[in-house]
Every structure is written in C-alpha cells, then in structure tokens.
Amino acid sequence: MGKIKDTSAYVGFGDLKKVDTYKALLAELVGSLVLVVIGCGSCVSTLTAENPTGIAPTVVGIAFAFGVAVATMAQAVGHVSGCHINPAVTCGMLVARHISVTKALLYIIVQCLGGVVGAAILKGVSPDGVWGATTVSPLINSGQAFGIELVITFILVLVVFGVCDDRRNDVKGSAPLAIGLSITACHLVAVPLTGASMNPARTFGPSVIFNSWANHWVYWAGPILGGIIAAVLYTFVFRAPKPQERE
Amino acid sequence: MGKIKDTSAYVGFGDLKKVDTYKALLAELVGSLVLVVIGCGSCVSTLTAENPTGIAPTVVGIAFAFGVAVATMAQAVGHVSGCHINPAVTCGMLVARHISVTKALLYIIVQCLGGVVGAAILKGVSPDGVWGATTVSPLINSGQAFGIELVITFILVLVVFGVCDDRRNDVKGSAPLAIGLSITACHLVAVPLTGASMNPARTFGPSVIFNSWANHWVYWAGPILGGIIAAVLYTFVFRAPKPQERE
Amino acid sequence: MGKIKDTSAYVGFGDLKKVDTYKALLAELVGSLVLVVIGCGSCVSTLTAENPTGIAPTVVGIAFAFGVAVATMAQAVGHVSGCHINPAVTCGMLVARHISVTKALLYIIVQCLGGVVGAAILKGVSPDGVWGATTVSPLINSGQAFGIELVITFILVLVVFGVCDDRRNDVKGSAPLAIGLSITACHLVAVPLTGASMNPARTFGPSVIFNSWANHWVYWAGPILGGIIAAVLYTFVFRAPKPQERE
Amino acid sequence: MGKIKDTSAYVGFGDLKKVDTYKALLAELVGSLVLVVIGCGSCVSTLTAENPTGIAPTVVGIAFAFGVAVATMAQAVGHVSGCHINPAVTCGMLVARHISVTKALLYIIVQCLGGVVGAAILKGVSPDGVWGATTVSPLINSGQAFGIELVITFILVLVVFGVCDDRRNDVKGSAPLAIGLSITACHLVAVPLTGASMNPARTFGPSVIFNSWANHWVYWAGPILGGIIAAVLYTFVFRAPKPQERE
C-alpha cells in the first residue's frame, strides 16, 4: 500500500483504461452487496404476534454478522480491490494518497449501488418488514450519534491502516479477521444507540429501499470524518519507520 | 488447487485406483458426520414442559457450532480430501475443474452418507425429538427460501475459492477459520428463515432419519446453484493473475 | 511431534532425570488449574432469589470460556509441555507413541491435581454454590452421555493430531485457537446434556471439591476412549505422507 | 522483547530524549481511550422503564467487546508502544526488565489519562447513566474480588509473555487475537463478580468520571500483583531456552 506521489496518477484518469479497475469495481459491488445482505439480514426478526415461536435477533449475533461479513469478503476479494466496501475507508485511503481521486469516486458510487442492491435482495427474500435501516436511539440526540459514528469508524480505519502498513513486519495472523472483529466490537457498543453503521453505503442501501432518511447526515459525516482523522493520525504518527530509519 | 486440463483426468476413472481417493472418501465421511453431529447437535433443546430448568439453543450458539465444526474438520483432514463435506462446494470445484467427475460423484455420495450416519448418531445420544431438520419459516415462501440458500452458499463458495487460490500470496491466517466464520455469519441470518443449510448433505441426513422432506428441493437447488455461480465468478473474474502477468 | 521408536525411551524412566520434565509438569498443573478456574468459573451464577439483578451464565458464554481457556494456556505454555491439560489428550498421545509411559502417567496425575486446585481456588473466590460439576441431563441415560463424551473428545483429539502433524505444511493460523474453538463447538452441543467435560481432569477437580460423583465413570471412559480412537484413526489413515512419498 | 541489562538504561532517563517515547505515549493514550470507550460502551443499556424496546447488554457481548478492543488496538499500534494499555501489563514488563522505570511510569500515567478521557467521551455520547464502573457483587467480599482480579490478570500477563517470547518459534497466528481472547475468557467469568477489570486504568477512568471509588484498591492491587507473579513465573520457569541451549 504505497503512497501515490505523482499528481497525475493521484488524479487517476489513467485508471479508467485499466481492466483491473473494472474488476475492482465489481469486487466492491459484490462486497458491499454481501455486507448488506448478511449484516442487515441478521437484523431480521421472525418473532411476531402471529408467529410467537419465531426468533428475534440479538446484539451479539448482529455484531458478528457484520464483522464476519466484512472479514469474509476481504478474504474473498481483498486482492482484487482492497475490499474497502465502505466510503469511509475509501476516504481515509484517499487522503493518505493510497488510491486515486478517480478510483475513489468510482468506488464510493459502486459501494452505494451495492448497498442498494443488497437491501433490495434482502427485501425480496425476507418476511415483510423494514430490515437494516440505521436509526438513532430516542435516548440520545443526533450530535451524540454523530460522535459515536465518528469514534467507531475512527477505530475501524485505524486498524485498517495498521494491518495494511507495508513497512511493518510484526503483523501476523489474518488481516481480514482483525478488521472484521474490530467491526464486531464497535457493533457491540453502538447497535442499540445508532445501529452501528460505520459505513455510509451500508446505511444508504436500506435508506433507499425503505425510504428511511431520518438523521441520514449522521451516517455520512460521522464515519467519513472518523475515517479521515484515523488516516491522518496513522500516517503522520503511528506509521512504521522506513527500514533504513530503524535502529 | 490447479485446474485439471486433461479430459481423461477430468473424467477421472483413474482416481478409482488410488488409495488416496479412498482416504479422501473416509475423510469426507467423517467430516460430514461430525458436521451433522455438532451442528445439528447444537439445535437440541433440553427445555421442555417436564424439564423447566433445561436449556434452549440460541441462534448465536447454532451459528458458531456449524461454522466451527467445518473449521475444525478442515483443520483436521483438509490435507486428505480438501474437506469439502458439502455437495455445493464439490459442485463448485467440479465446474472449475479442480476435481474429477468420478471423484466428485463419490464425494457427494459419501457426504450424504456421512450426513445420515451423523444424524443417526445424534438421534442415538439425544433426548427424544426431531433435531437438525431444516425447515422453511412460515413467514416466507419456498422461492424466498431458495433465494436465501442460493445467496448464502454463493458467499461460502466464494470465500472457499478465495482462500484456496494458489496464485494469491496475500492470504495469511487460517483458511479453515475464514471458511468456518463465513458459515457462522450466514447462519446468523438464515437460521430463523430456512435453517441455514448451505449444504444438501447436512439437510439430507436429518431428512432421512426423521423422514422430513418438506421443501427438500430448496436445499439441493439453492446451495448447488449458489456454489456454481460463485465458482464461475471467482474463476473468470476474481482469480489472481498468473505471476508473470503481474505488473 | 515425532514417534518414539525406542522401547526404553517409550517406557521413559530417563525422563525422570530431566529438568524439562518438571517444567512440563508445572505447565500441566498451571494449565489444568486455569482451565478449571476459567471454564468452571463461567458457570457461576449470581442470579438468586436474594439477588434478582444477578446474572445467569449462558451456553455460548460457557462454550467460549472453556475453549479460549485451553487456547490461552496452549499459547502461553504449549512450548513447555505441549499443553495437553487433559488425560484424554495424553492417552491419545501415548498410544501414538508421542509421549513416554512414565511422562504420560505423571502428566495425568498433575492434570488431576491441577483440576482439584483450580476447583478449590474457584470455590474460594466464588459465591456459595456448586460450580462446574458435570452432570448428566435427566433427559438422557448414562450410556447416551458416554456416547456424547466419546464423540466430542474424538473430535478434539482428531484436531489436536491434525494441527500437530509435523509432516503437514498446509496448516497456517493459530493451532491453539483451532483446538480451542473445537472445544467451543463441542460445548455448544453438550453443555446441556453432559456438561461437556471432554476431559477427566476437568471433571475430577469439582468432583473432589464438591463430593459429586454421579456417573463419574462416564467422564473417564468416554473421553479416553474417544481420544484413543481419534489417535489411531489419524495416525494410521489421515497422517500426511512423508515428504519423499509425496507425488 | 529483550531484557534490559544495563542499569542506566533500566532507569531510562535517556528515553525522555527519544521521539519514539512520545509516539509510544500517544499510542498508549489512544489505546487506553479506545479500550474504555468500546469496553465500557458495551455495558450501556438502552432498556429503561421509559424505553421498553431498548436493549440490555449481555456478558458475552461485554466479554467480546473488551477482548476485541484490546486485540484491535494491539493490531493498530502494537509496533509503536507494545500496546500495554494496562498498568498491570506494564508492571509485569517492568519487573522482567523489558521496559525502563522511567518509561513504565510514563506509560502508567498516560494509560490512566486515556481511561479518564475515554470515560468522558463515553459519558458525552451515551444516554444518562453510570457506564463501565467496576463493582464487587454483593455475593462476594472484597478479599474474594481481590483474588479474582489477581487470577484473571495472572492469566492475561502469562499469555502476553508467552506470545512475546522472542526465543520461541512455535507461535503462529495472531498475537493480538490470542491476548484479546484471553481477556474475553476472563470476562466471561468475572463480569458478574467484579466487573472483570484486569486493568487499573480501565477502572480508574470511570471511577474519576462517575466519582465511584468503592473497593477501588481491589482493582489496583489484584491486577498488579497477578501481573507481577505471571511475569516472574514465565521469565524464570516457562521462558523458552536460548537457541544454543536447545537439544
């Protein structure tokens, strides 16, 4: 994950001519789609007045579904696109110059498209109901919700940068699992408070399909700002030194 | 996991003469058996009218039991047979020419046999009851159930191909765990809706033992079609390029 | 984990003169102690008539506590003793000639001692009550309980042999975690039925401290027989071929 | 993680002149902050008399939140500071001479500061209530609570030393995950009994913000003593031999 130093490469019109770019966009589309089908799908309840033996979701189940969905897709298509499947991750990579402007814009568009298609598929195969829309708990205000989304996405993007730091040689184990479990931990906190979006595309999909837009700004502003802060902090302070600078 | 290019090798009558084929079949038998004993065993409830201090299963517990059972057997016998223990995985491998036709047919037969033996063992050691049969929730129709099984098995087989892609060098961590956790995530969604089979042999076993055949076609058609789509998509789009084709 | 071929080395009186043997025995003692403190400790309930805001344990919590306790100790002292901390594992290793008879007997003695000390420590720091004793559900008979303990310990020892097979080069990821999660999966099935011992020393400790001996034979015969069957099956069928025998 | 042999280096005034020390202190601050925000945040309940559709936390959710929060920060900033984020870990490292006295004191100060800032952030974004303060169950006395905190922190620090032992070459998989899951296991036992602090800074933060000091000594004395015992036991008994001393 090297830094793009050349200005023209950072603008990135050249990426439009590469077949790998279109493979990456398909990977981002499928990844975002799967994230929404699995993550939001784990929020479906079959416990209703008419179906008293149905099953209601739990926070632990939702937290592992979202986290492992991301780990799974990173494992499956990480080599194709980096498996951002999240505009907040893409924005963090953009400010750190790890992706071109052109490619970042295309990534964000297909991530949102994947979210919409995923939410549509989930609606098609699920019982009637609104599934996976993120809402702010009545116990907190939208400023607090913004703060929560900012902090949890800060944590996610910090660990993404940590496991992708190509100057480090101390990282063993599975990077996808480390990233996925950080999402699980954040969901364990924020599902009851904000729905634990951490990802504008994941919120955008169900918002379109179920026409649910309350506090929608929270789910763009919080994650993207948190992601950018993490990217800047990691790049300027925590990034491992170049090999020759090591003692 | 190379592609079998020679037609005669792909038909695979020669595999019948190799002792390794029979070791592999035993591994598939034991693996499918364990999957059913552990996975379906986690669905056993001891909470009854006569036993009010008994314990009912939870979706999270069932999801980890199935996922970790597959991870465990992949860890134990993955080097012997590849540990498909699932006809949908074997069908995906077949269309991608990673297994011969003869061996695939034998795998599927012993997987189903393992499912039946596993369900029989579970019945033998469990309290009275029907345990582990997959059923479609009354809140959805069988077409929706087919869609769910297709999508979740697509995800499973996509990650199987991702971690087994011998051209990738970015995959660290445990492949069995990555595969197992993808199964866990899919179960967190689909247990209340379809029972989250993802595997015709896993459904076939309890169906035989408990004579439970409602919507049985869903659990063959959905997983196998999902597995084949994932195999084709991965092989033709997401597979890593050959080393010499890399920039 | 090579095979001990020499008969005198397999009897193992010489091990009594090695300081490493005594370090290993201390590691087995501490490991078994921790397993009982954490595993059985996760079964403690603070929900009582007098303490209605207390918390009752769940099967998922107990399952992860036992599994991760074993993973943790294997990570901490695996290089010292192999971290069997379970007579069933030691018996499997003994029949496969991976440990001497002398050392195996000493291991089993200190494992049981560790179980007793762990149960005593847990009693000392816990609210009043009987914690961690394994009991057979009233819904099954002791023969069924024997079958359950046999099957789940078979699975555990099969994966232990799988991850320790020094001829394999396909095993990546954490061996301790793979073993620990197999224990978690088995607990998700068997906690409500037999208490999911899988380990005579883990049952022996609370049995001594709480004088609880009903069906005690089940928890020695089932795990040890299951462990020996797995050791034989793995060694004679599933063990990876020697490098020179590979095609 | 070598031993600091030189006395002047062990006192460590020289560390005050290194920019890396200040980077490490920032990493400890952010890490401790995140641990409290996520771990204590998972204890927030939205289930109240006025909000009957709210969600109460579970022990399993809290246990994974704390464990994975530590794993996540170790993954993100472990190369910068070692990611102790816990005075008990730092004290263990100090007695084993893996950190200088000066640096250890600074670490502990910023860990406590991080705990306070984390608790303040959590208060700012949460519903009204006291979140994350550790309390002793009314079913046990403070001596028992001390014993629990000692034992669970002993386990944590033992595994920290195990995965950081630079003479071992048998440790594969993710060290951060191994450490994090050991924390999860200990929480599954101790959340209902002591709140499962294992970490004076994690308790100190909410104590300052919510002015909650009952049994506060337990959460310093237990973890630090447990950590030191583990450090001594590992260093003098379980540490892998030097390569040349191996047979």
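Observations on the structure shown:
Which chain is which? They are A, B, C and D, in the order written, and residues in each are numbered from 1.
Everything below uses one rule, namely that contacts are C-beta pairs under 8 Å (C-beta built on N, C-alpha and C of every residue); 3 or more make two chains touch, one makes a residue touch a chain.
All values derive from a computational prediction rather than experimental measurement.
Hopping across touching chains, the smallest step count from chain A to chain C is 1.
Relative orientation of chain B and chain C, expressed as the C-alpha superposition rotation angle, is 90° to the nearest 5. Look at the contact of chain A with chain B and you find different residues on each copy: under half of the numbers used there are shared. Looking at B-D and A-D, the interface holding more C-beta pairs in contact is that of A-D. The geometric centre of chain A is 28 Å away from that of chain D, both derived from CA atoms. Taking each chain's centre as the mean of its C-alpha atoms, chain B lies 39 Å from chain D. Touching of two or more other chains is recorded for residues 58, 60, 172-174, 177 of chain D.
The touching residues of chain A, counted against chain B in their complex, run 23, 26-27, 30, 34, 37-38, 41-42, 44-46, 48, 51, 54-55, 57-58, 60-62, 64-65, 68-69, 71-73, 75-80, 121, 124-128, 172-177, 180. Per the touch definition, chain D reaches chain C in the complex via residues 58-60, 63, 137-140, 144-145, 147-148, 151-152, 155, 158-159, 161-163, 165, 168, 170-174, 177-178, 181-182, 184-186, 188-193, 233-234, 237-238, 240. For chain B in complex with chain D, the touching residues are 60, 173-174.
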